[in-house]
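Chain lettering (A, B, C, D and E) follows the sequence in which the chains are written, and residue indices restart at 1 in each chain.
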Amino acid sequence: MNIGVFVCHCGSNIAGTVDTEQVAQAARSFPEVAFATDTMYACSEPGQAGIIDAIREYGLDGVVVASCTPRMHEATFRKTIGRAGLNTYLFEMANIREHVSWIGKDKEANTNKAIDLVQIAVEKLRRNTALFSSEFEINKRVMVIGGGVAGIQAALDCADGGLEVVLVERESTIGGKMAKLDKTFPTVDCSSCILGPRMVDIAQHPNITLHAMAEVESVDGFVGNFDVKVRKKATYVDWEACTGCGQCMEKCPSRKAEDRFNEHVGTTTAINIPFPQAIPKKAVIDPGACIMLTKGKCGACAKLCPTQAIRFEQEDTVVQEQVGAIIAATGYDLFDFTLYGEYGGGRYPDVVTSMQYERMLSASGPTGGHLVRPSDGKEPKDIVFIQCVGSRDHSVNRPYCSGFCCMYTAKQTILTKDHIPDSQSYVFYMDIRSPGKLYDEFTRRAMEEYGAKYIRGRVSTIQPRNGRYVVKGADTLMGSPVEIEADLVVLAVGAEASRGAGALAEKLRISYDGYGFFMEGHPKLKPVETNTAGVYLAGSCQGPKDIPSSVAQGSAAASKVQALFSRDKLASDPQVSSVALQRCVGCAKCASTCPFGAIEMTEFRGMPKASVVETVCQGCGVCAVTCPQGAIQLQHFTDNQILAEVNALCPY
Amino acid sequence: MSTARFLKARDIAPWLEELGREYTVLAPTRHGDTVVFREFEPERGIELDRLSTTPAKKALLPPCETLFEYATTKTDTPPYRTSIELRPTLPEGKILLFGTRPCDARAMQIFDRVYDGEQVKDPYYTARRNAATIVTLACSGQAGTCFCDRVGGSPVDATGSDVLLTPLKAGYVAEALTEKGMELMRDTAFMKADGLRQEALNVRNRILEEVPERTSFLDMERNLLSLFGDLGFWDKTAESCLSCGACTYLCPTCYCFNITDEPHGDSGKRIRTWDNCMSSQFTLEGSGHNPRPTKAHRMRNRIGHKFSYYPQLHDKTLACVGCGRCISNCPVSFDIRNAVACAIQHAAANAQEHAHD
Amino acid sequence: MPVLEGKELRIVGFLCNWCSYGGADTAGVGRFAQPTDLRIIKLPCTGRVNPLFVVRAFLNGADGVLVSGCHPGDCHYTAGNFYARRRLEILRELLDVMGIQQERFHYTWVSASEGQKWKQVVSDFTARIHDLGPAAAFSGCPAVPIDMDETGIKAAG
Amino acid sequence: MAHTQELRTLIARELPNLDLVLAWTGGFDPLSSTPLFITTEADLDRLAVGPMHVQNLAAYLPSLKGRKVGIVTRGCDSRTITELLQENLINRDEVVIFGIGCTGAVNIRKVRTAVNGAPVTDVEIGDDVLTVTTGEETHALRLQDVLMDKCYTCAGQAPRMHDHMVSERSGCLATGETPPSSLDLLEGMDARERFAFWEGHMDRCIRCYACRNACPLCVCKDSCVAQSRDPHWVDQSDTPREKLMFQAIHALHTAGRCTECGECERACPMGIPILAMKQALNRRIKHLFDYEAGMDQESTPPLFMFRQQEETIKERDAR
Amino acid sequence: MTSNPPNVYLPDMATIQEVIQETPAIKTFRVTLNNADRMQAFSFEPGQVGQLSVIGVGESTFVINSPPTRKEYLQFSVMKVGELTSRLHTLKAGDQIGVRAPLGNAFPYDSMRGRDIVFVGGGIGMAPLRTLLLYMLDNRAEYGKITLLYGARSPHDMAFSYEVEEWLQRDDMHTVLTVDNGTPEWQHKVGLIPNILKEIGPSPENAVAVTCGPPIMIKFTVQALQELGFGDEQIVTTLEKRMKCGVGICGRCNIGSSYVCKDGPVYTLAQLKELPGEM
């Protein structure tokens, strides 16, 4: 092999702490290296042209680029050498930026280490073989998990583009968090007025199949050919028959059911349709609250239902969906503020969350849009808003900013003034974060036009006194303690990963961060991709987002799926396992350990032999370690390649 | 010029230590509960009471020997061209092999015909061979697995030795048999012992008298050829064989080797190492074809080589010295004596059958 | 190129592509300063880590070997690190049986987001290896092992 | 030798239904034995069983797959059969097991060392004494002292499964205190001592691979990585490094599968205590996964399975 | 000390001058020894072999398939089957390899003079035959009728296609090509070599058959030749074995007492019948 080595300066990113020229010089002596040089920016247009020129001029047939992480530019450089006519797999990268120049200060040690990394890349490349992808059919259906605004947008964009969409929603209705909002910032337009029509579109779209009250149970397969099992939870109502008329709700004697839609501001009936605009507008029985299901008698709804849709005997069903791509749009959940003892830990009835407040503001909410104190139903006059409850706080492991609380609090102060003109709002804040079109102007309006008093500082305690609440804090701008007596306290609770996000990530084989938010492919360049081919992200499941960002991501994810499906066949990654028939003794140990069932036992001249199904193999290499005689090897990560790297690093 | 000396047992170690300045001295020493030939060091001691577990062949044919080292250099301008320099590593220095048994010494001559032949001279082997002086200790008797007498040797055979030691009480009579042997003995301070030669001869004769009368395996090379086609016979013979290499590596006459390159970055070496004809991989070809696919084929080759092929090529000398190590160290106690005897019998029966045809 | 004499020890890392390699990248992006001893070999998954690579590294003179992958349950290939965990546990034991100090080997789980944790792992492990010093090498002149005689086969009665 | 006679009768009865029966016969001297491949009733005359008949005959079974084979089996060897069945390397309906109760297996190497390598002319087995005659001398050796190391950790003298059982059961004849084994020696060392221990022993290894070829669970044999170039795990140099590497390969390939039959060590012509490596590893695997190989045909060796929650594995700190 | 014998294990370093891709699996290498004097003095006979080294990888045996009458380079054709041949296939003009040659015996081309020659080659087995064929074509008058039957698995597995065309055109030899699996474009025979051989039916009269190919093909070709009436002395084959030393010592290529590397690789059937059947 004639190997070319290109050592990138990355401006001063690498060259600042690595002697790139010396690295290139050292590379010249490595076996089969026919050309080595340093280059300013290997990934730049002239940098790539330099690689192509060198390939042509010196007859190179393999290339090592020592630069940044392969996660950044491996694909770039593979394409580069492909343009020069080389097989794109005759390429290796040495990561001398993230793994060397950015983490070490000692230039001599860095240079020495970079030389080592280039050497192991050369040793590996010497043993690379040209690989060729094979093609496989793709199933052009897409599954969207989560029917919030991001999922709705993604589903509609895909469906409008002609794709069949399966939308899976955990609750009995789509709409997500946005459906609970009264108004949206900074336009203060009605949330359900803008979301409602889109929800109706979902219901009516011929390309969309909606599974509400359903969760993903397992995901098998791989990009283009996922096989997803969806568990549809029992609703005890035949949704085929239910017309959503709501008569059952009126007569249901059990009113102890949790009202999740209204954020537990009060309770609701055991049989319930969460809100008038619900999609699907179907009744669901809460088995924990239903008298028939708990005590075996009642059945009022069944007697009353005009279409006889009640099915007390209903059980969960599992449906199987074959799709080619999956968009996760599972949103977020709200921080549990009861962790803060100083805010009453949930003991004070008139300390509510911002989302509960939102429901109280809503005309379709539990109070019919009247702002009242939960404790006595009186109209509050002095209302304190506390920011950053469960955001930017290390003590509760929520060091991040939830991003949208500043804005919705401003909105809520404005709406409060609209509802109760003689009210006074106080906002305790840390910083006001309002980047975005018309956002800062909006917060100014809350203060200037609506008279909300903003106090910069943390609240130390809330104490009840004479039916009201004393909110004690510090005004850090004035440098003085503050004490405000309030009728109602609204906590701007932060966003956290949706419950069960980790479990879903494991099913989808995608990564998630320490808070449970899903990891995007690259923080800047791959915001909606994941590292698992065919799985995309939209909305707050990746991190807290406001509505416009979530919608943008929904559309972005949809366009990624459209791009994926624009081909009729997908090329499989050829870095898969292969069996040396001569060495295989047919013990089938590899087949038993393969996580994908990608190894079949076949017969060759009467002897049992293992055989890899290339399109199913994902290239993990578990088999290669299982096989004692090394008959099955993961291409491009063969035993000999890794041993060559080990031997280069440890030459004894 | 006297060529016989008397070596007191207790004088041997100091003498070998002294010789260590001029020679690489290899002698049998205890290693775990085995006896192996190693470079002599006083603290390792010397073990002359029993036949060594490993043969002495490693003195002339080390288990691993570098044939050459290589290094690469490159041109300065791209595309850098590699040139390769090969540096042969011929052995240097004198070797004293002390305490071999007659069977092991005799085996050296079996090597000589192959490694130091008319047509081909192996430069590594011949360099060692020419530099080696072999001091052999006559056996006091035969162990249960010994059969030197059946393959043309004896417990006191001096073939291949430069000096023969005959055990007497409290010491050994050392008789130089070759120029090299005389050179070695000439400079020793040991007592001249020409007078003890007769006594030594008597001792050796007494040992010879103890050797039982047994059928010889000589002159069977042609008879055995008739068994080549009878794979069934070899199947049965080899049924318990595990195809390991204990017999071949411990055999003083097995000389097959492998050659492999062991690279180390941009330099490395080509080595030759003992190899084992009982292994399937010995003859496995790149294409997957194997001319000796079963252990029966391989057993046929091993026995064939020792008792038929080699004698055909080399004046009827068997490539077996009857040391019995392959028997006593075989994990399944495969007894080559029975196998050969059985083969001869079988061949005779086959011949008779054909005569009747 | 050997490690820097006197400054560094020979530490080899086997990292899975999806989590820990990314975690090391994240540490790099965050400019989290780390000791320079470690050399990383990238593999698709810890399921590809043949424990024998680690043995080979030690027999070839490595002073420390670090393996890192996705957190259990978080494997890009579903189960690769579950197999790896068992294999590496057994490897730890084998190293001990072979006389290679167990402390010279460490395996851990670092996700792509845990740049800070990666820095900590590298810093701690490197410090540990420096505390242990260079690994025992083959002496080249092995002692004759203890004779079974000394374990005492006695005559009966 | 009533049980030998009973065994002959049992085998003779089954022989017409079998292609062959694996048993033992005497070897080249009174101490040694060799496998006997019985195909005719006449072969039965040579059959012998006792403390000196030691090869683990189950090692031949995988290569005889497809033929109907009878096998004389002791307790420890039956674990090999279980393991082979578990890994589908043999079929149960092709194997007929003639069980015998083991009386203890003699380590011939220990005996030869005890008699200083003198030619053995006669061996007599008393209750717990082995009387070895070498020419004029006799040596009375305590049986316990000359057993194979594996006997000191015996998990049962009778086979764990059988189709026919020699009724006259006899337990292990050895009594009294067990002498220190290589395993005890190894376990008593620190890391540096162990490393030196192995380097010292590997120094005399001749790379004959008898350990591997005798191992009933080495399924690769002809495709073993010890000699392959792709993969090139070991080079051919005659160094303790490469030899120890091979032992590590063998130990890991048999980890969780090795039943401690001891064939590796018994087969080693250089007397290297390699069983101790496997025994020590097995102890640790037992501790980790509560697993012993060859005990239960339905279980899966620990390296071919996993649990999402590994109760016994703790995450460790890099510090 | 007497003067050291030449080191039979030490290769001559040589430079690859040209690489010809014969088929997807076969490449031909034309090499010259770096030592000009040794290159000048190099002589060999058709049928002899050489050991090619990729230094650091290993060594393997290949027949020298350029005719001795063409001296500007040594030619070896290599089919990619294992580690060494795969590495050889990655080499290019200008790269260095080791050569130990010539080794072994040669075709008995002297005793073939004046006789009809039947070449039967299968796959890479055509390489040794090519040497002898080219030698005979260079000395055409000394030999009788020349027939060549050359078979391969499929049309694109046919090596030396550039020469095969020429051989087909020549009127002083009879060339028949066959493949196991044909394609629509394939103009020649389709069928196994032994069957086609029987179909052509060359006369054994004053003829010698020379055959080389995979072991299984040789076996059935020999049977076919015998059916056609060729005697044991009239059938010549050249064997391929795993070799290491190349000088009759290391012990893996022997068939009975005959060492293929030294006493072979060329044998008559009569000679082979004296040896145990270890093809």
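In this text, a contact is a pair of C-beta atoms (placed from the backbone, for glycine too) under 8 Å apart; a residue touches a chain by one contact, two chains touch by 3 or more.
Not measured: the values here are computed from a predicted model.
Return the chains common to the contact lists of subunit D and subunit E.
In this structure, the chains that contact subunit E and also subunit D are A, B.
Return the chain whose centre of C-alpha atoms lies at maximal distance from the corresponding centre of subunit D.
Looking at centroid distances, A is the chain farthest away.
Which chain has its C-alpha centre farthest away from the C-alpha centre of subunit C?
Relative to subunit C, the chain with the farthest C-alpha centre is E.
Any idea which chain sits dead centre by C-alpha averages?
Most central by this criterion: C.
Compute the distance, rounded to whole Å, between the mean C-alpha positions of subunit C and subunit E.
The answer is 51 Å.
Can you check how far apart subunit A and subunit C are, centre to centre, with Cα atoms defining each centre and the answer in Å?
Computed from C-alpha means, the inter-chain centre distance equals 33 Å.
If you average the CA atoms of subunit A and of subunit D, how many Å lie between those two points?
Those two chain centres are 55 Å apart.
Among the residues of subunit D, which are close enough to touch at least two other chains?
Only 109, 113, 201, 203, 224, 228-230, 233, 239, 241, 271, 303 qualify.
Tell me, which residues of subunit C touch at least two other chains?
51, 56, 59-60, 73, 79, 83, 87, 144-145, 148-149
Which residues belonging to subunit B are in contact with no fewer than two other chains?
Counting only residues that touch two or more other chains, subunit B contributes 31-33, 81-82, 258, 260, 284.
Which bits of subunit D are touching subunit E when the two form their complex?
229-230
Please name which positions on subunit B make contact with subunit E in the complex.
Interface residues on subunit B, with respect to subunit E: 67-68, 70, 81-84, 86, 88, 90, 114-115, 119-124, 126-127, 130, 225, 228-229, 255-261, 263, 268, 270, 272, 275, 277, 282-287, 289, 291-292, 297, 300-301, 304-305, 308-310, 312-313.
If we count contacts the way the header does, which residues on subunit A are in touch with subunit D in the complex?
Going through subunit A, the ones touching subunit D are 580, 582-585, 587-589, 592-593, 626, 628-631, 633, 638-640, 643, 652.
Which positions of subunit C touch subunit A when the two form their complex?
Listed in rising order, the residues are 1-4, 7-8, 10, 12, 18-19, 21-22, 24-25, 27-29, 31-36, 39-45, 47-51, 53, 56-57, 59-62, 70, 73-80, 83, 87, 111-114, 119.
In the complex of these two chains, what residues of subunit A are touching subunit B?
2, 28-36, 54, 57-60, 582, 647-648, 651
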